[in-house]
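Shown next, in structure tokens, is the structure this report addresses.
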Amino acid sequence: MLKNKSLISIADLEDDDINAIFEKADYISGHMDEVLRTSPMKSKILATLFYEPSTRTRLSFEASMERLGGSVISMADSKTSSFAKGETLADTIRIVESYSDIIVIRHPLEGASLLASKFSSKPIINAGDGSGEHPTQTLIDLYTIRNETGGIDDREITIVGDLKYGRTVHSLILALSRYNVKINLVSPPSLALPNYVYNGIKDKLNIETYNNLDDVISGTDVLYVTRIQKERFVDKNEYYKLIGSYKITLNEVNKMKNGSIIMHPLPRVDEIDPAVDYTKNAKYFRQAANGIPVRMSLISIILGD
Amino acid sequence: MLKNKSLISIADLEDDDINAIFEKADYISGHMDEVLRTSPMKSKILATLFYEPSTRTRLSFEASMERLGGSVISMADSKTSSFAKGETLADTIRIVESYSDIIVIRHPLEGASLLASKFSSKPIINAGDGSGEHPTQTLIDLYTIRNETGGIDDREITIVGDLKYGRTVHSLILALSRYNVKINLVSPPSLALPNYVYNGIKDKLNIETYNNLDDVISGTDVLYVTRIQKERFVDKNEYYKLIGSYKITLNEVNKMKNGSIIMHPLPRVDEIDPAVDYTKNAKYFRQAANGIPVRMSLISIILGD
Amino acid sequence: MLKNKSLISIADLEDDDINAIFEKADYISGHMDEVLRTSPMKSKILATLFYEPSTRTRLSFEASMERLGGSVISMADSKTSSFAKGETLADTIRIVESYSDIIVIRHPLEGASLLASKFSSKPIINAGDGSGEHPTQTLIDLYTIRNETGGIDDREITIVGDLKYGRTVHSLILALSRYNVKINLVSPPSLALPNYVYNGIKDKLNIETYNNLDDVISGTDVLYVTRIQKERFVDKNEYYKLIGSYKITLNEVNKMKNGSIIMHPLPRVDEIDPAVDYTKNAKYFRQAANGIPVRMSLISIILGD
């Protein structure tokens, strides 16, 4: 279904598409030597067009394409690019599509990736557009929950931190509404989930709001921690107070049940104590590593192998 | 003849060289699957040294090398490069030639590419040096005229816009003096072709000057539109008045004859109405796409396959 | 011994490791066609993480990996990278190790590469960390002395210029203490070798200090010239006086004995007259070119082939 299609929003995907991506990612992980040897994407080119820097996401896509035996051309930073000079995104895309087989785009403006896909005969993958979506991050989040807890249905997922500004969290909550899960939202009132997100999913999801992590931590299967952005706070004391009350330390890990996991989209700053990294609950580096099989799978399915 | 040679100026090429490049580009376009499968440039390295940014040109060269199965090393921006710190270009080239098989250089100073070629035992391709030449752009222009109108000889080619500052236009006019063509130059007097260019080709070319596009549009086979750079005008009203009188819209397209084409070296800003993109005359995106087979051909011939 | 190990300091290497690297580098140089054809590092990925720009070093590592048939992902400049935003180096490394097989890191802070190696399950190569080490540069220096003069033992090596600030020189002197060599240090008193370096090797090395190059030039086998950094001098006249008295011209070359060589880690600015480039003593471009076989050898040995 996804062959030769663009991926702009997680809503573009049928449940079957998501399952196919995850199954192929499992296969790739289990047969990496065979994939590396056969170079299924040999002489195909992936273009990365990053109108705002995101080294992590760019390198993850580039490594995924290279693991498949393909090549990469890269605009890592529009500030040093001639593409900035008055040219429309439509024109840039129509040129870059003639150089490549698939285009990964990151742009500060919401809707830019969708616009790009309208002008491209080659598939576009949205790698984040402003406050819009970043669908491969959501796929990686779902894949991590599935693989590290044995499934997604019937899980109790607690999302803590900044629920207001976090694009990653909004996309994840929308995607989780496809599954039978319980969601606990834990945030200070000033960083609560916006109504327009809540209203979109309240009928489909078993979702509740808490101020205090202690109310839900013992029943949690997946603790999804998000970055609270210091730059949002005029009063920095406010930030430090807040961070203090939501920070995950060994104390919180000790309250979690057997087999439960901790996730974070990274980068983290102060939200998780480094001591937590060495517990078996900590899965945020595994989550980042899952970017490779999930993106390899997605590229393979879109380009066909 | 071109094997292991540098390409600094279009004047470096014999007519036979140009024909050989075009014939190999045709072959590559027609046998792309075979080329991709056989990787004729496997384990060869192309270095891009861009002392001023030109994302389009850089990505086009890099994609061309990767389509041939080769690899790329890249200095995309000298501002973040240690190569800026007082080292001579000669020294930089003598180092980079030991890392690579062919070097593509873009530099703000005229003559820089020629200088580089004097110090390199590896072939240099000039990808633009100041107000000097950009010979692969000229090859792509000629190739597009040849392929989209069935030949170059006997064509009536109208060049409109900024004939004074446009490096691309000067190179193209010089190259066209090899063929039996009629050239119409259409520009406001303030942006007319400089005398030093005109005097160099006036005896070899059937060339005439007009102020008004309407005088020549109906007989035109190739309408070559160039960017008028807003930053050249102290009085911005002057710019908008000018742009208005030379802008290509559906109105102009309707006056053009059957089989005629519109070209532009891109990026365009205000010179061509986006509605024109959907006419069959519009060949500027095809022209950009031709960068791949022409550059693949050139690299193949220079490096030998 | 080096397989799967990090290389942070030249002191990490046993004498046998150094010999093995040099022997494999010889083999690679002598069988380059075979290496290029067999692609021993096919589908392996080298990541370059450059927290300060060093185009020469980065391109040399990238070309080395590509000559081995491997691929590259690259953060060329941390200023345009999201990795700058408050994330610890430990976290960045734990993410990048999941994208790659080997990581080359350059960082402005001494000790950064060692720290990175503590958090990485993949091998780290230190490509310079502040005033710390740059071990592959030292390997290339030793390899050049060995190959261009037929060995390292029994050589008289004169190091001239800035002995105070030059990281490259400190590492080289430490490494030379493994061999039976005579070292002459020639510098103005203000740029003499720091005591902490001198004291570390004075018992192991036959080392003497001179103010005047003429005292030692006729007995020298290897003249190692270093860059005197203009920015170190408040009084620029002081700089020009100094540079004048230490500059290598044909006059100095004529005093050198048969088979002696001149080296420089490059970039050079005013220290060596360009006329010297054409003498058979000049080996500094060869030295830069040796970066490829030495780094190819090192990567091959670490990753195993």
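A, B and C label the chains in the order they appear, each numbered from 1.
One rule holds for everything that comes next: a contact is a pair of C-beta atoms (placed from the backbone, for glycine too) under 8 Å apart; a residue touches a chain by one contact, two chains touch by 3 or more.
Note that the structure is a prediction, hence the values are computed from the model and not measured.
Participant: Show which chains lie in contact with chain A and also with chain B.
Facilitator: C
Participant: Rounding to the nearest 5 degrees, give the angle of the rotation that lays the CA atoms of chain B over those of chain C.
Facilitator: 120
Participant: How would the chain A/chain C interface be labelled, same or different, where same requires over half of its residue numbers to be shared?
Facilitator: Comparing the two copies, chain A and chain C contact each other through largely different residue numbers, since under half are shared.
Participant: Per the centroid of Cα atoms for each chain, what is the distance between chain A and chain C, given in Å?
Facilitator: Chain centres of chain A and chain C, defined by C-alpha means, are spaced 40 Å apart.
Participant: Pull out every residue in chain B that's touching 2 or more other chains.
Facilitator: As it turns out, chain B has residues touching two or more other chains at 76, 80.
Participant: Any idea which chain C residues touch chain A in the complex?
Facilitator: For chain C paired with chain A, touching residues are 42-43, 45, 47, 71-73, 75-76, 80-83, 85-87, 90-91, 94-96, 98-100.
Participant: Would you tell me which residues of chain B are touching chain A in their complex?
Facilitator: Of all residues in chain B, those touching chain A are 36-37, 39, 53-56, 59-60, 62-63, 66-67, 69, 76-77, 79-80, 266-269, 274, 285, 288-289, 291-292.
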